[in-house]
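Before anything else, here is the set of structures, which you'll find just below.
In the two complexes that follow, chain A is the common piece, with chain B as its partner first and chain C second.
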Partner chain A sequence: MSLIEQVIIRLLNLFLSYEQINTLFNDPRTVAVIIGGLIALSSAVLGSFLLLRGLALTTDAISHTVLLGIVVAFLVMVGLLGMEADLSSPLLIIGAAGAGVLTVLLTELIERSGLVKEDAALGLAFPFLFAIAILLIARFADNVHLDQDSVMVGEIGMASANANSYCFANCDPITITPDDPRAKITRECVNCLSEGISPRHPNAIFEAVCANCGTYTAGQIIAQASRGNPLVAPEDNPQLVFIPKSLGVMSLLMLITLAFVGLVYKELKLATFDADLAKAFGFRPALLHYLLMVLTSLVAVGAFDAVGSILVVAFFIIPPATAYLLTNRLWLMLALSPLIGVISVFTGYEFAKGNFLGLIDMSAVMRWLNSTFGLNLHTTWDSSISASIVLMMFFFLLMTWLFSPKFGVVALMIQRRNQQRQFAEQVVLEHIYHHQHTEAESTELCAATLHEHLKWSKRRMMWCIARLRALHYITLQAGQVALTERGEQRVRQFNRDVLGLSIISDTTTIVT
Partner chain B sequence: MGVLGRRIKSAETQRSQPHTWAQSLASRHDMGGFSIWYIIIGIGVLALLFIPMSMLLGVRYDYTLIVVALGGTLLGILNGVLGSFAVLRRQSLLGDALSHAALPGVCVAFLFFGRDMGALLIGAGISSLLGVWFIRILTQTTRLKQDVAMGIILTSWFALGVALLTYIQSLQTASQAGLDHFIFGQAAAIRLGDVVLVAMVGGVCLMVVIAFWKELKLMTFDLEFAQANGYPVRFLDAILSLLVVIAIVLGLQLAGVILMVGLLIAPGVAARQWTRNMAQMLTLAGIFGGFAGGAGAVISGLDKNLPTGALIIVVAVIIVFVSICVAPERGFIWTWRKRQADAKHINGGGHVAD
Partner chain C sequence: MTTWALEIEDLTVAYHSKPAVWDVDMCIPEGVLAAIIGPNGAGKSTLLKAALGLIPKATGHITFYGKPYAQARAWIGYVPPRGSVDWDFPTTALDVVRMGLYGKLGWFKRVGKNETELAMSALEQVGMADYAHRQIRQLSGGQQQRTFLARALVQDARIYFMDEPFVAVDAVTEKAIVAILQSLRAQGKTVVVVHHDLQTVTEYFDWVTMLNVQLVANGKTAEVFTSDNLHKAYGGKLAFLNDMGVEVR
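Now for the complex of A and B:
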């Protein structure tokens, strides 16, 4: 983990000085958007395959049961190994991956018994594992910070406060853990939460919440760090860089995900669309299936801290679903869904702060609601970041659903309308073609009564005739309609190409 | 050899008289009749034995515990019976989506009416029904499958709820604690008034099920046939959805949002193992659900550190596992014994020469 953080910092250091890196990573907004973007990237890529394989709700199950893995890993860490509880330990990752695979295995076991249907098997397996996790927390891990609030929401806005450090010069790297007396930040703020002050409360701006734990600026942390660490004296000008822990974890997970998909793209594609053929080719689709599940569990546990275990499901399902409504091509779907995810993260953060797509100021909306309906709402808009991100995802999905050029509701409506119109025109043309040059011509082709023969409304026929005249398919002379040369050609072509009536329709003798 | 042997064997049993208790239960004509009702009554009596057993083990039934146990039992019965429809219609995970989708409605109702149980339930019901409606529209007008649509609605509705919840938290009203109980389930918070409400609403739901029994049965097993015969399928479908939503919304205070799906479907899945008759299945699901709800609530009432919802789910899933193992004709033990009897018969009889 520290290796990848070092790589990130070294890379950034090519462009930025260490003070600039510190200001960058000290800004909750930047960190939240970067981490959210990383989560969105990896989960959208995995989610696309899961959606196509019909496993969308398995992510829901896995994201819940990773809690069991986390709890068991916590208990092993604290109880057996006597280590300090830490949400970014590798043991936790192993536990989560194990729990994810356990969920899938348990579901398949129940299902394979043949006694329980697939949906019910999933609906039994994950509440069971989750219930065990809740019981374990309640009995043994009460002191560990794993309450139901964190399961539900997560705190991406706090991600910048839970940091590792990296030393350039004149110091030792220190780690800011939740229990580190030198910098109690994240958990202290969550303590505030349990005391009834939400970190999203207007008075609870990041600095203000942590009034009981010390404000969080890079300078102070460095001062604290150097105070707590005899090796560093402030006058030595220590060059310490802080990097949020989630950033390292999520970058690693994203790299693994991209590498996995890149390496086995062909095999995954085949196994997704034709598992039997893939098996026949010897690609082992079952192995791929479990690897996908392991990766999904890893991303779910990596995102657990940031967005909570329920809302992370949205990261897996909604962007791929949106991309699925836009394209038929797998590679395009794999490109579009992370893009949609990342855009949602960015706009979602802004939305949480009251800025809807840069168009609407939510505080103004609240004020307007207050003045119009006489409500007594807060006018400061400061919502949960993760929830706002999901709402933006849903908004983009709605827009795509309505306006997708290929599969959107509007596009389908227009298409259906065109088809109806074309069909109506063809019917009228055929009617005329059928009856012209026959004895019944004068009654059948009278423009004023034409609608009666087809049992249409008069209005509809009027419109249809007007369009056909505009297209120069028919002429209207002395109240009688007649096909033009062009119209006759079109009817013949239609009969030949679409109806396959070439022989019959050329002989006019069949008209009775 | 295996398949062939089993076929020969089954032809054999049809000819010969069933001569053991196991085989007499196995032969299809004896099943589905009254023998299963006897088993169901036995299970019901066993479930009721929990009360004296727990008293022997030192549980004292004071007023609070009786109210909580009663509430748990009633909610369990209701969820077991109505959840069976979800199980049979293969819509189990709809329960998961709908329980999450209730959150924004709860929050809005709380904002306007405070912690009034009736208002919270109605709000939850409305937002869940909106969720059902949206899932249906999304699957009908796009090529998204039902599971994807459910995932979308589940997360977006829940996100809306969370956003509203943060707003409520920022109001800093003292009564928001009750809302947490509603979301995560807390049987200890059930009051006598809630129990009466559950009993009345549940009674109406069960009467609706009985009144539309034939139609609901037909809908559940053969939708197209019902449609072809001119039954008002859309109306009946709406009624079934409404019933499931009511069961979920009422059950939320017992199991909580996340575990709700388990309480809804586990009794039904367990009951399905014992019988293939729908009346028997619903009865048994009610017994299982009532036992899980009541026992879970009582056990969790013993200690503050035992979350009710989790306990109820664990009890319910254990019932499912036991049912899968011991249920007559379908269970693991049953099939294992039958296979052994087959093998013995084939080895001993020597009818098969291949």
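Now for the complex of A and C:
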């Protein structure tokens, strides 16, 4: 883990100075958005496949049962290995992967028993594992940082506070001895406390004491400097860079996810679309399935710390569902869903701070509610970041569902209206086509009574005729409608392409 | 000596403790259009899937041109029933056909221009070239079936297994599919079809396997498509068959 963190710092150092990196990672907003973005990216890529495989709920189950993996890993860490409890330890990753696989295995086992259907099997397996996890927390781990809040919604806003540090220059520890010029020598009363006398008492004995002697690590030197006790000249300060712990973990998970999907994209696609053919080709869809589940568990546990176990599933499912409404190409879906996820994280953070897409100031809304309804609401809007992100995801999904150019509700409504209108036009054109040059022409094709023949309202027919004239399909002369050359062409084309009437010659009259 | 494209010995497949296919011995010679027929629940699809290793078998030994499945994989083309995949999947007809080439490509290798060209020509063969870039959900049932057929064609197999390719397709599409199957036979390939429509058996197929969990008959259509065998396979349901005008000897 430290390797990837150092690599990240080195890479950033190509563009930014160490001080700039520290400023960047010291800002809760930047860190929250970066980590949220990394989670959104990995989970949207995996989620696209999960959604298409009908595994949306499995993701939800896994995001809960990873808690069991976390708790067991915690207990192993603290109880058996005597390590310090740490939510970003690689051990947790192993625990989470195990829990994810266990969930899937248990679900399949229950399902294979034939007693219940797949959804019920899932509903049996994951509360069981989740309950064990809760029991273990309550019994053995109630003093570690695994409280209800962080399990529910995470604390992405605090991600910047939990950081590792790396030293890049002037890293040697400094030892200050009493004869060092930097040593702060003070004279202190050595027997005042023990004898209960004041320093002014004649019996008080004074000795020279060094206040800052000792050995200082790079981190302690920086800490002293920030307290206004610089031990070295500012230019000789150790070059410490702080990097949030989640950042390294999530970057690594993103790299693994992208590498996995990039490497076996073709195999995953086939196994998702047609598992039988994938198996017949020897692609081992079951193996791919478990790898996908392991990765899902890993990302879920990585995201657990940041957004909590309840909302993780939103990161996996909503952006892919939105992308699914926008495109019917898998590769485009895989490109769009992370983008939607990352945008949701960015706008969601802003929303949590009271700024809805730069359009609505939530505290102004609160003030308005207060003044209009005489309420006494807090006017500062500082809300759960993860919940706000998920709400933004829903907002984008809703907008897409309504306005997607191809499959959106509005587009479909417009399309349907157009179809209806075109069909109505076609009906009128066909009517004229069948009756013109016949004996009934004068009665059937009289513009004023045309609506009666088709049992339409007069108004509807007027509009239709107006449109057809504007499109130069018909002419209106002496109250009689007639097809133009263009109109006849359209009728013939329709008859051939749609009705398949190519056999029927143009002169055939159809008795109505 | 006849070359057997498919030889099955002592095949038994069970779901839990209920046998779906019971002790079947059968063979299909090279270069025929073979139908596997039998009533619902007779284990036709199960037999096919077990032969292709898609579901585990309780007992049995299966060879393709004398080789076990693992060695014969490249010679086998499989067309699953149309309902077995999600047609809302975000992909195009062309892409579905390209999937037929994944087996030859093997792990990790990417689809290239060559694969696209092969897929296009297969789509042309089944009369679907104009629909290559359609989202598969927008295709009609017959077009979806043709797409599946094109996907099998690009596999360039020696023996094709098709699970109910004629379900829910119109007469024109059915004739078109049969024509393609016949041209495959003319190239010396073997086609095994799980089939439902008894009326067309004698017209389309020159080899018939009749199944009702156990094997009822296996041989040339002219020899085994008899009312006696049909009675054995379909039992009391055969009264319908006579009404439907199925021609049997």
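As a convention for this text, the second predicted complex is superposed on the first by the 441 of 512 C-alpha atoms of A that agree within 3 Å, B and C clash if a C-alpha of one lies under 4 Å from a C-alpha of the other, contacts with A are read in each partner's own complex, and residues count from 1 in each chain.
By definition in this document, contacts are C-beta pairs under 8 Å (C-beta built on N, C-alpha and C of every residue); 3 or more make two chains touch, one makes a residue touch a chain.
Only a predicted model underlies this, so the values are computations on that prediction, with no experimental measurement involved.
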{"item": "Which superposed partner A:W401 touches (first chain B, second chain C, both, neither)", "value": "first"}
{"item": "Which superposed partner A:H437 touches (first chain B, second chain C, both, neither)", "value": "neither"}
{"item": "A:L277 touches, of chain B and chain C: first, second, both or neither?", "value": "second"}
{"item": "Chain A residues touched by each partner, larger count belonging to chain B or chain C", "value": "B"}
{"item": "Partner chain(s) touched by A:L135 [first = chain B, second = chain C, both, neither]", "value": "first"}
{"item": "First, second, both or neither for A:D119, with chain B first and chain C second", "value": "first"}
{"item": "First (chain B), second (chain C), both or neither touched by A:Y324", "value": "both"}
{"item": "Touched partner set for A:K455, first chain B, second chain C, both or neither", "value": "neither"}
{"item": "On chain A, positions contacted by chain B and by chain C", "value": "324"}
{"item": "Contact footprint of chain A on chain C as seen in their complex", "value": "16, 49, 52-54, 73, 76, 78, 80, 84-86, 89-92, 96, 99-100, 102-103, 105, 107-111, 135, 137"}
{"item": "Residues of chain B that touch chain A when the two form their complex", "value": "87, 90-93, 95-96, 100, 138, 141-145, 147-148, 150-152, 154-156, 158-160, 162-163, 165-167, 169-172, 184, 258-259, 261-266, 268-269, 272-273, 305-307, 309-311, 313-314, 317, 320, 324, 330-332"}
{"item": "Residues of chain A that touch chain C when the two form their complex", "value": "52, 114, 263-264, 266-267, 269-270, 272-274, 276-283, 324, 327-330, 332-333"}
{"item": "Residues of chain A that touch chain B when the two form their complex", "value": "51, 54, 56-57, 59-60, 64, 110, 113, 115-117, 119-120, 122-124, 127-128, 130-132, 134-135, 138-139, 142, 148, 151-153, 196, 198, 200-202, 310-311, 313-314, 316-318, 321, 324-325, 378, 382-384, 386-391, 393-394, 397, 401, 407, 409, 412"}
